[in-house]
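Here chain A shows up in two complexes: once beside chain B, once beside chain C.
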Partner chain A sequence: MYRSLFDKEWLKVRWVFLAYIILSVSVLVYIASDLRHSFEMKGAIKNWLAITIHHEMYFSSLRYLPMLGGFALAIFQFVPESFDNRFRLSFHLPINEIKLLLYMVILGLGAIIIADLITIGGFIAVSSSFFPAEIVSASYQTMLPWFMAGLVTYLGIATAVVEPNWYLRIVLGLITYFTASLYTQGTIYMQYNHILATYAIPILLLTITIIFPGHRLRKGAK
Partner chain B sequence: MSEKIIECKDLTHKYGDYLVYENLNFTVERGRIFGLLGKNGMGKTTTINIMMGFLRPTSGSINIFGEESHNLSPKTRTRIGLLHEGHLTYDFMTVEEAEKFFSRFYPKWEKKFYYDLMDKMGMNYDHKISNMSCGQRSQVVLGLIMAQDPELMILDDYSMGLDAGYRRLFIDYLKHFVHQRNTTVLITSHIIQDLEKLIDDAIIMGYQEILLQMNIQKFIKSFHQYRFNLTGPTLELQKDDHIANYETLDDEYRLYSFKDEGEIVNYINQKGVDIVKEDISEVSMTLEDAFIGLTGKY
Partner chain C sequence: MNLKKLSRYAIILVLIISASVFLPRFYHKIVDKSTRSPIIYYSPVIEDFAFFQHTGGHMAFKDGEGNTYSRKGYEKLLPFLYYRDLDKWGVLPDTIQGVPTDITSIRHNSQRIRLRAYNMDQPTIDLYPLFESQSDYTNLSYPPELFRINERIEFVTARTNKINEKMSRQFTKDLKEKGFKFPAQLIAGNPTTRKPFDEGYFIVDNEGNVFHLKKVQDSPQCVKTPIDNNLNIRKIVISESVRREIYGYIITESDEVYLISYDNYKLIRLPLKNYNPDKMDFSFYADPVYRTFKYDNNYNYYAAVFDSNYTFIDSMKISLTPEQEKTSTKVKQAIFPFEIKTMKSFSSLLHFDLRFQSWLSLVGILISLIIGIFVKIKRDENIKENWFDFVLILATGIYGLLGVIFIKPDIWD
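Right after this comes the complex of A and B.
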């Protein structure tokens, strides 16, 4: 049963999942070539000063990428179910609807986390070839809230798509946008390290939020 | 006494202030094929949505296999094959992917029924459902429901978007399957002509009311259309115990009634119009004629 659900979700998200990874890798290639260019033109000392004194983020092109990935994944996973009220098919399956929705969300989160881990791994590999471990570590820690923004976007948009009422759907979309934006505001390295645990709370809450519109949809709310 | 598979009790539904129907009562017993008939917008899909727990009724209830419809257990859902209006399915899947997907949910799954139907249509197993015509998609959905081998099939407007050939194919396959398996069926449709030889009992839904609830063969035998012409006097007609519906075209009158010819002649005479049996002719009707006669053309 769960194998079937896994296959179904994979059919819907496989291309967008691959596209997200390809886009992330392309951005990493761009960062690598940009760093090489910068090192050749400005030299190591100026680059070092730009990062340590001026907090220039050589990886800033990754800032909104996880949000874009989360948005696309939620759309590709949930719109085909929501379109023509195709959720009625899933809700007639012999499985509890709450379990069904949570399983779908967990699979979606899993896909994003796998793509993000690939991106972070690639980023560490690229950065390590230019910088010492301290800079690399500070850099990926600075990026962590951006990846959390991707999870918030995915969960919020998935909830909004499942929501049967258009007014509430728009409200949920706006809340998602503003909440995710909070995670991408940082302008200096490791700015949000002290509140990363706090930043994880909305993600945990949003993971189960989908069951509320899902339950209302199941019972015929408009 | 036969087991009641579906039991609808005093069902009333409103959308806001708009009343769809009031106090709908019916039962479907095991092995029966039950038609929920009516023109578009009469509440057929509303009833199905309530039946499958996708909608809460304003009042009343529907029990399926003894469970309340808005709270069907997953186990009971395995016993129900549901065809959604518009032959809804996961159209991002191929023929083969759809079969594999559903097969893992249903313990009695028999893929032979599905693939036999696909082979008959010459359908490639890697054909994506979204690229199919409405008729082809209807066969995919029917094949999936048959492979599930459910005890109860609920088929909501199976005829939507199908041409005559596909409707016939659908009905032929369905008929063969349900008679072989003694499956209970609740079917809705606004196209009646195909159902004459399929359904046992029916409810005909009218605007905010139930027009008829009876065995379909009994309905065809007992419902009559009488025609006569009146050149002189005018006959004032209204629906009542004698007249289920009527039409007038210039001086031609068409009366639809459950009463026999003699009673209709007496009825007209009592209205002050002299007429004898010889002036009236009874016109034989198909189920569709009778349905339109009862529900009206408009």
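Right after this comes the complex of A and C.
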């Protein structure tokens, strides 16, 4: 049962999953070419100092990418189910709707985390060829909350899409937007480091929010 | 509570968290009025403080006795500060307290160093440029490498991203010979080319001793300073000035401030009352006669003045209306029972601080509760099944109210 569900989810999200990875890799290629150009024009030391002294973020083009990825994945995974009452077909499977929805969310989160790990790995590889360990480590630590924003967006938008009522869908969309923006406020390096665990709380809460609209959908709420 | 209900409350809690960050922030954007800081100096003419302040849309110029001045009159009190204006008006005196007041001499004998509370907790990327301190050229230029200190001092060349082994070994050897114990606790310098010369770095080693490291003709020049290793140094601020009186200052874990003098690193302790480095911006201003220290928390503005031998002369404090006494703050406290602050005025970090307001919040909570009951009755909701909604309103006021109104329980709940 779970195997077939996995196949069904994979069919829905495979293209958007690949597109997200391709987009991330493209942004990394852009960052690398930008660094090469800037190193050539300004010299390596000026680029290093711009980071260590002025906290310039050479990777700021990655800031909203995880949010975009989370949004796209939630749309591609849940929109096909939510329209024309297709979810109600799935609800006839011999598996209760809570387990079904949570399983879908876990698969989606898994896909995002895999894509993000590929992005972070690629980023570390690109950065390490230009910068010493201190800058590379400060950089990916600075980016971590941005990836958390991606998880918030995915979970929030999935909840909004499953919700049958348009008015509530908009409210859920707004909650998602504001919550995700809590993670992208940073203007200097490593501002969230000491408080990341606390910022995980909204994400934990959001992992179960999909049950409420799912239940409403099943009951035929309008 | 079943998982379906729990899921609804999870949505409401996320809404409460976001709302308690953004609604108070939005409120501030609507009601905040600018409070202009008073600017305090010490006048060598009247030997008293002179300050100006924006009040009710105009600038008020006063001295410590409360006498008021015109802008021109005020500037005449502070010739070391406004010498260009005074010179333009032809009223710059030749000497003040026996000190010549030609423009060059004033410029050469003035210095400012600032330290914002923001800088106290700012995360650092621990790589530093070590300038050539005795270059053949007037302007400083950045070295091709940055250094780090772990088990030794390492110089990493930026162009190749590789360690310069020769330099690393040479500097490590010299530091060890001077008694430096790796790793470093603190590295403080002034990494900018916009300074008249370079004084290198003050480095606190693993045993608390302070070393002064410079690069002279590509070789290390390291001095173990006589500064007490039990000082518990928290921050060192270095700022080169042609006055060559002080290297900068030290702030200790117990919030004491010491100047580091050029006289064999002798420390000068400054008795600054109520100074809190985490919550106050600090500045040092030296003119040809006085040394003034100013620090403020946007509410209390302190100034302490010393003579050129750092003997205390006088101090002053100006207080603005406290935030808590403003009507807009009281309204805020009534509307919002708490707020989550992610940004704080004197911190460079992001936070997640839950701040409760005051007893005034009970008003807002009570109104929220009444609205909540009214809406629920009107909507014909099952109050008995959803009693926890009221607990949420009681605990979180307007945020909980918004939550339970927007995310309403279903009729079958």
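Going forward, the second predicted complex is superposed on the first by the 222 of 222 C-alpha atoms of A that agree within 3 Å, B and C clash if a C-alpha of one lies under 4 Å from a C-alpha of the other, contacts with A are read in each partner's own complex, and residues count from 1 in each chain.
Here, a contact is a pair of C-beta atoms (placed from the backbone, for glycine too) under 8 Å apart; a residue touches a chain by one contact, two chains touch by 3 or more.
Owing to the predicted nature of the structure, the values given are computational and were not obtained by experimental measurement.
Applying the stated clash criterion after superposition on chain A shows that chain B and chain C can sit side by side. When the shared chain is aligned, chain C comes close enough to touch A:Ile53, but chain B does not.
Once the two complexes are overlaid on the shared chain, A:Val171 sits against chain C while remaining clear of chain B. The superposition places the C-alpha centres of chain B and chain C at an angle of 140 degrees about the C-alpha centre of chain A, rounded in steps of 10. Once the two complexes are laid over each other on the shared chain, residue contacts for A:Met143 go to neither chain B nor chain C. In the superposed model, A:Ala74 lies in contact with neither chain B nor chain C.
Applying the stated contact rule after C-alpha superposition, one finds that A:Val161 touches neither chain B nor chain C.
For chain A, the partner touching the most residues, choosing from chain B and chain C, is C. Of the two partner chains, neither chain B nor chain C is touched by A:Leu28. In the superposition on chain A, contact of A:His92 is made with chain B only, not with chain C.
Of the two partner chains placed around the shared chain by superposition, chain C is the only one that A:Tyr192 touches, whereas chain B remains out of contact.
In the superposition on chain A, no contact is made by A:Ala111 with either chain B or chain C.
Put simply, chain B and chain C get as close as 8 Å, counting only Cα atoms, in the superposed view. Comparing the two complexes, residues 219 of chain A contact chain B in one case and chain C in the other. Residues 49, 52-56, 70, 74-75, 77-78, 80, 82, 84, 86, 88-90, 92-93, 97, 100-106 of chain B touch chain A in their complex.
Residues 43-49, 51-53, 98, 129-132, 134-135, 138, 156, 159, 168, 171-172, 175, 178-179, 182, 185-186, 188-195, 198-199, 201-202, 205-206, 208-212, 215-216, 219, 221 of chain A are the ones touching chain C in the complex. Contacts from chain A toward chain B in the complex involve residues 1, 3-4, 7-8, 11-12, 80, 84-86, 88-89, 91-96, 218-220. The touching residues of chain C, when paired with chain A in their complex, are 3-4, 6-8, 10-11, 13-15, 17-19, 21-22, 122-123, 125-129, 142-146, 148, 156, 158-159, 161, 191-192, 342-343, 348-352, 406-407, 410, 412.
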